[in-house]
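Each of the next two complexes has subunit A plus one more chain, namely subunit B in the first and subunit C in the second.
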Partner chain A sequence: MVSSQTTTQSPSVQSQSAATMAPNSPVPSAAVPAATDTQPPVPSPSEIDFSCRLPLLVLFLSGAVWLLIASAFALIGSIKFHAPDFLAGTPWLTYGRVRPAFIDSLLYGFCIQAGLGVSLWLLARLGQTRLNRRWAVTAGAAVWNLGLTIGVVGILWGDSSGFAGFEIPRYAIPLMFMGYVMLAFGSVVVFNQRRRRELFVSEWFLLAALFWFPWILSTAALLLDASPVRGVVQAIISWWYSSNLQTVWLGLVGLAAVFYMLPKLLARPLHTRYLALFTFWTLILFGTWTGVPASAPVPAWIPALSTAATVLTLLTIIAVAVSFYQTACDRSADALVRSSDQPAVKAQARTRTSALLSSPERLALWFVTWGVLGFIVAGVMRVLSTLPGLSETLGLTWFTPAQSMLNLYGFFSLVMFGAIYHILPGVIGIQFPSTRRVRAHFWLALSGIALVVLPLAGAGILEGVELQNPARAFVEISSATLPFLRVSTLGDLVIAAGHVLFSWTLAELVLKCYRARAVSAYKTATADLFHPVEVKS
Partner chain B sequence: MNHGPVIFLAAFLALTASWFGFVLMPDIQVGGLQQTNMVGVAATYPVERPGLAREGLDVYRANGCASCHSQQVRQSGTVCNVVMTDAGTNRVAVIDVLTQELPDTSRSEIEQMLVGLPKTVLKGSDRPKANRMVRALKSSGAKSSLSIVPVGPDIARGWGKRQTVAEDFLYDDPVMLGSQRIGPDLANVGLREPDARWEYLHLYAPRLEVKGSIMPPFRYLFDERKIGQAPSPDALALPPDLAPPHGYEIVPTRKAQGLVAYLLSLQATAPLFNAPLTVPPSAEPTAQTNAPSKNP
Partner chain C sequence: MPEPIQPTPIAETGEPQASQLAMPVWLLVLMFLLLYWGMVYFDQHSGWFNTEVYVPYYSLAEVQEFQPPTGGVDLQRGKALFDNVCALCHNPDGMGKPGQAPPFVGSEWVVGPPSRLIRIPLVGLTGPVSVKGQVFTFAASMPPMGASFSNDDLAAVLSYMRQSWGNKAPPVTSDEVKAVRAQIGNRAQPWTPQELMQIPAK
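Take a look at the complex of A and B:
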C-alpha cells in the first residue's frame, strides 16, 4: 500500500529508545519481540491503516457532517439573543429545542464518533494489528448515525427527554446503544488480537472509556427512560451521566490521543509513564463523582461529595500539565539523540525542526497542544464553579455553558482535529490537498473558541455578581449580559467557518482517494485490452 | 508477573464506585421518599399536581423551558424573627423587656411597637437571642412567637420563601431543575404570577408584559379562530398591533392551558423539617392580594 511520509515512524528514535523506553513510546519498537515464530509477521503501519480505512472514513465524515449541523443549530440559537422573535413561530426551531439539538449533535455526532474512530485506529496501531471486523464497525457507525438522526429529529419534534445532555428521546437510544456496541466490539477485538503485548498508557484510557460508556448509557436509559426513578433521583442520575460522559469519557479518549500524539509528533518519548497512569487513576477515581451542583435540592451529602471530588480532579489537571510540559520541553531526550553516534539519528535531529515547520504534522501538533491547554483551563473552570464561596455566584449562570463549550470544543474537538489530520493522510494514502486550509481551520477554530468562551464566561461572572444584589431587576441583568452573548454569536460563526474548512478537506481527501482507486481499477480492468503482454510480465 | 486482571478489576471498581454512590444510594435514600408532614400545619406534602398541570409539565419539557429556567432556589441560611401578637395588660413590663433586649432602640420607637399588633419586634437575629426574647416577653405577659426566615439573594429577590428540596419534585417526571438562569428561577412562579391571564399574555408576547424581555414568544401554543356567538372568556386581550383581524380571537390551546396550570402549580413553600420556615400568621393570604410584580 501507499506509505506516505507522515505515517512512517522515525526509525532513529525507535531504535534509540527501544530497550529503555519502550512502554513510554507510542512508536512500536522492533526490538521488543512481539510475535512468536508461529505467527504471521507483524503488519506494517500502512497495512494497519488500510484495514481501518472504510470505518474511519465513515466515522470522520459523518462526524464532520454533524459538526456542520451542530453549528447551524448553534447559530440559530445564538441569533435569538439578537432578535427573540427570530424563527419563534416555528415550534421545532424554538430556543429550547435547537439548543439541546446543538449540544447533542456536537456531543454524540462529532465528539463520540470522532473519539471512537481515533480509538479504533490507536488500538490497531498500538497493538500492531489489522482491523478484521471492518464491516461490523462500519455497520455500527451507520446504526449509530441512524439512531442519532432519529434522536435529533425527535428533539426538534418535541420529544426531548428533558434531561440536559441526554435529551435524545427514548426511542432512539436502543439504536445508538446497538451502534456503539458494534463499534466498540471492533475495537475490543483489535485489542484482543494485539501483537504488541505490553500496554502503552493510551490503551488503558481507551479500554476504560470503551467499557464505561455503555454502562452509563444503559443506566441513564433504564433509570430515566424505561422505568424512571422517582423525583430528584432523576436529576442526580442525569448529572452523573452527563458529567461521566463529558468529563470522564471525553477526558479518557482525548487524553489517550494526547499521550499518543504528543510524543509521536515531537519524536520524543513520553516523559514519564507513571504520571500518565496517575492521570488515569485520578480521572476515573474522582472525575466519576462530579457533576452535582451545590444548589441541587437533594440530600446535602451528594453535592458535598461531588464538590470534593471536583476539587480532587485538580490532581488530574496538574498531572496532565506536568506531563505535557515535561514531554514538550524536555531537552534531555534531544540531547540523547544528539550525542548518539549514529549518523542517521543526528541527521534526523538536525532536520526535524525545519521539516516539522512546513509539514502538516506541525499543524496536528498545534491542535493537540491547544487542546491540552483547553483541557487544563476547562478543568480549572469546573473546579472554580463548584468551590464553596464561588459556586453561589458562578453556578446557574452563563459560566456553566462557557465551561462546557471549552471542554467540548477547546479540549476535545481540537485534539480530535489534530488526531484526524494526523491519521487521515496515512489511512487514505494521500497527502493533504492544502495545508493552508488546515492552517486556516486552526486559526478559525482557535479564535472562534475564544470568541465563544470568553464572552460567555464574562456574561456568567457579570450575571452571577449582579444576581447577588436583589435590588437589581432581573431584566436589567439579562440586558447587561446581551452584548456578551452577541459577541459569542460571532464566535459561533467563526467556529462554523472552521468546520466548513475541516469538512471540505475531509471530503476532498476522500474524493481524491476514491477517484484514484477508480482510475487504477479502470486501468487494471482495461490493461489487458491495450497491453496484454506487458501486464503479464 | 501478570497484573493485568488485578489492574482491570481495580479500574472497574474505581469506575463503578460512583455508580453505587450516585445512582444506587440516592435511589435508596431519595427514591423511597414519602409524603411528609408539614411543620405546624396539619397537612401532608407534597400532593400530586392536578391532571392539567401534569400535561403542562410535558409541554414545559417538549419546549425546553428548562434550557433558560432553573427551579433551584438557594438559601444561604436562616434567621429568626420575633413577632409580637399581643402586648398583654402590663405595658410597662413589656416596654422594660423590649428596652433591655433592644438596647439600640429608642424609647419612642419601642412604644410605637405596641401599636397595631402583630408586629415584628426582632428581625434577623440568631436563635438563642430570639428564644430569650420570647421567654422574656412571655414572663412580662405579652404573647409572641418566633419565626424562622430563610435568607439569601434568591430569597431576597422573591424567587422563593425557602430553598427548594427533594420533596418539591416528588411527583414530577421528568424532573427538570435546569442548569442556567437565562430567565428567572421558576420554582415559585405560581406565587409571583398567580394570574393565568398574565401568564397567557406573557407566553404569547413576553415583551408585552415585561419590557426588554428576551424570552421567545410561544405563539404556536395559541389558536387564532373565528369568534362564535360570543367572544370566548379566555381569549387574549391584545393591543391593536398584535390583535387578530376583526372577527377573530386568539385563544390558548390545550397545551397552553396545561402549561399555565403547571406554572401556577409551581409553589414550593411548604414548611418542612429539613427546610424550616415559619409562615407568618398575618401573611397567609399574600398570594391572592399581592399584585403580581412585573420585574422580579
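Take a look at the complex of A and C:
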C-alpha cells in the first residue's frame, strides 16, 4: 500500500518541487540513500514540504482571512462599549450577533484550520512521509470553509444556537463535520504510512486531537441540535463541549507544536519524553471534566467534579512549565558542549547558536516561547476562577473572557503563528520577504494581547469585588468597568493590525511562489519557441 | 506494514528528539496530593450525586436544615407572628412594656401549664396579674389577640415564647390548642388570674 502510492504520486511531486525550488531554499534536498528493492527511498524534508503545499496554503490563507474577519467583528463589538448606538440600527451587527461571530470565526476559522494545517505538516515531517492525498485534504478545507461561512452568516442572520462557543446554526454543522473528517483523514493516512515508526511525543498529542474533535462535535450536535436533551442538561453539554474544544483540543494541538518547535529551534532534545507523557495524560484525563462554572445551577456534584478536575489541570501546567524551562533555559547542556575538548563539537555548537540567533527562525521561537507563557498564565487563571473561595468573586465577571482570550490569542494563536512562520518558507521554497514585518507582527500581537487581557482581568476583579457589596447598584458596578473595556478596544485594534501584517506576509509569500511557478512554467513551455537552436544543439 | 526503517538522513538533519531522563518525583507526589485534595473536595461538596443538592448547599443535611418542617411546630413562623402581633405590647425581647404589658421572660404563665397559657390569648386577660412575684396593674386589659389565629399558628407563637429569651419549656401542640378551644366554647369574657388558677394543670 505504501510503496504503490508513493511511487504513483512521486513523479508529479518531484516535477512540482523542481519547478519552484528557489535557489535560497532553507531546506536543501538531502542526499537520499539509493532505493532498495522493497522500499522506496525515504523522502527528503523538502519533498515532504512540497507534497503538503497546496492544502497548507489553503488552510493557512483561509485561516488568515478568518482572522481578519474575526478582528473586524471584535472591533465592532468592542466599539459598542464606547458608543452604544454604533450600528445599533442594523440587527445583524448588534452585539449579541457580532460577539459570537467573532469568537466562532477565531475559533473555527483560524484556530482549528491553522491547527489542522500544522498537524498535517508535523505528522508528515515526523513520520517522514509525503502527503499523498492532498486533493482530499484540500477539498476538506474547502468544505470546512463553506460550512463555516454558512455558519457565521447564519449567526449574523439571527440563527445562533445560543450555546457559547457552539453558536454555529445546526444547518452548518454537517458540512463542517464532513470537512473536518476529510481533513483529519488525510492526516491519519499520513500517520499510518509513516516511515519512521517510533513516535515522537507530538505525534501522540496530534493523533488524540484528530479524533477528539469529531467526538465532541458529534456529541454536541446530537444532544443539542438533533434531539436536544432537556433543560439544564443542555447547559452541561454546552460547557463540556466548549471546554473540551478550548482546553483539550487547543491544548493538544498547541502543545504538540510547542514540543516539536522548542527542541527543533533550540537544537536541543526536549526535556523529557516522560514529562510529555505526563502532560498528555493529565491534559486528557482532567481537562475533559472541566468547564462547569462553580456557581452553575445544576446538581452540586457536577460543579464539584469540574472544580476538582480544573485544579488537577495544574499538573499539566506545571509539567509544561518544567519541560519548557529545562529545554529552553537550562544551560547545562551547552556548558557540556563548551567544555568538550573536541574542537569539532565546539565549532558545531557555535555555528548552531549563531545561526539560530540571526535567522528568522528566531522569530518563530519568540512566538512559541510567549505562547508557552500564555498557556501557563491562562491555565493558572482558569484554576483561579474555579477555586473555592475565589470562584464566588471571579465567576460570572469579565475575568472569564479575559482567560479565554488569553488562551485563544496568547497561547494558541501565538504558537500557531510561530509554527506557520517556521513551516511556510520551506513549504513554498521562498525565504521571508520581510523579517521586519514578522518582527512587527510579533510586537503588535504581544502588546495587543496584553492590552486586551490585562484590562479585562482587571475589570473582572473589580466587578467581582464590588458585586459582594450590597450597597452598590448593579448598573453602577457595570459602568465602573467601562474604562477597562475601552482600553481593551485599543488592544483589539493592535491585535487586528498584527493580523493584517500576518496576512500580508502570507499573501506575499504565496503570490511570489505562484509567480515563480508561472514564470518557470512559461519558460519551459516557450523554451522551444525562443531558443529552438539551443534546444536542438 | 513496512519493515523497520534504517536510520535515515532526515533523522540526522534535525527532526527533534526527546530526552529519556526520568521525570521529577516531586511532580508525582504533587499529583497524589492534588488527587487526595480532589477526593476530599468532592466528598464535601458533591452531595454525593444527590439530585436535590444544588450550590450553595453541599449536602442533603444542609438542604434539609433550610426546609420548612413538614410536621410539629414551626418556631420561625412563631417568631414572625409574635414580632408582628404580641410584641406590640410585650416587646420583641419579651420584657414587656411599662404601663402596657407584663414580661414573658421567666413568667410562670408562659412556662407553666399549657392549658392555662393557651386560654389567655384566646379570650384575653384582665388584671391585676402577678408575674414572678410582682403584681402588675394596667389601665387596659389584654384583648383576645390570638382568637383569630389558626391552631397551628397559636401553637407556634406560644411554643416560641416558651423556648426563647432563656425560657425552657416543652412546646405547645396544635392539638392542645384545639382541645382548649373546644372547652372554652364561645366565651367572650376575659379571664382573671384567679379563674385561670382554677383550671387543672392537667
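A few notes on this one:
Criterion: the second predicted complex is superposed on the first by the 482 of 537 C-alpha atoms of A that agree within 3 Å, B and C clash if a C-alpha of one lies under 4 Å from a C-alpha of the other, contacts with A are read in each partner's own complex, and residues count from 1 in each chain.
One rule holds in what follows: a residue touches a chain if its C-beta (ideal position, glycine included) is under 8 Å from a C-beta of that chain, and two chains touch if they have at least 3 such contacts.
What you see is a predicted model; the values in this text were computed from it and never measured.
For the composite obtained by superposing both complexes on subunit A, the positions of subunit B and subunit C are in clash. Looking at the shared chain after the overlay, A:499 reaches neither subunit B nor subunit C. In the overlay built on the shared chain, the residue A:235 is in contact with subunit B alone; subunit C does not reach it.
By the document's definition of touching, neither partner reaches A:441: not subunit B, not subunit C. Looking at the shared chain after the overlay, A:130 reaches neither subunit B nor subunit C. Residue contacts after overlaying the shared chain place A:382 against neither subunit B nor subunit C. Legend: residue contacts after superposition of the two complexes on their common chain; A:284 is shown touching subunit B, with no touch to subunit C.
Subunit A has more of its residues touched by B than by the other of subunit B and subunit C.
In the superposed model, A:463 makes contact with subunit B only, not with subunit C.
Look at A:272: by the touch rule set out above, it reaches subunit C but stays clear of subunit B. When the two complexes are overlaid on their common chain A, residue A:295 makes contact with subunit B and with subunit C alike. Overlay on chain A, subunit C versus subunit B, candidates 5-13, 41-49 or 77-85: the clashing stretch is 77-85. Applying the stated touch rule to the two superposed structures, the overlap between the subunit B and subunit C interfaces on subunit A comprises residues 295-299, 305. Within the complex, the subunit B residues that touch subunit A are 11-12, 14-19, 21-23, 26-27, 29-31, 33, 61-68, 70, 72, 74, 76, 153, 156-158, 163-166, 168-184, 206-207, 210-220, 295-296. Those residues of subunit A lying in contact with subunit C across their complex are 2-3, 30-33, 38-39, 42, 44-45, 125-126, 128, 195-197, 200-201, 259-260, 262-264, 267, 269-276, 278, 282, 294-301, 303-305, 307-309, 311-312, 314-315, 318-319, 322, 388.
The part of subunit A that touches subunit B in the complex is made up of residues 80-81, 84-85, 88-91, 94-97, 99-100, 158-164, 204, 208, 211-212, 215, 219, 223-224, 228-237, 239-240, 244, 248, 281, 284-285, 288-289, 291-293, 295-299, 302, 305-306, 392, 396-398, 400-401, 463, 467-470, 473-476, 478-479, 482.
Here subunit C touches subunit A in the complex through residues 2-6, 8-11, 13-24, 27, 30-31, 34-35, 37-39, 41-42, 45-55, 57-58, going by the rule given at the top.
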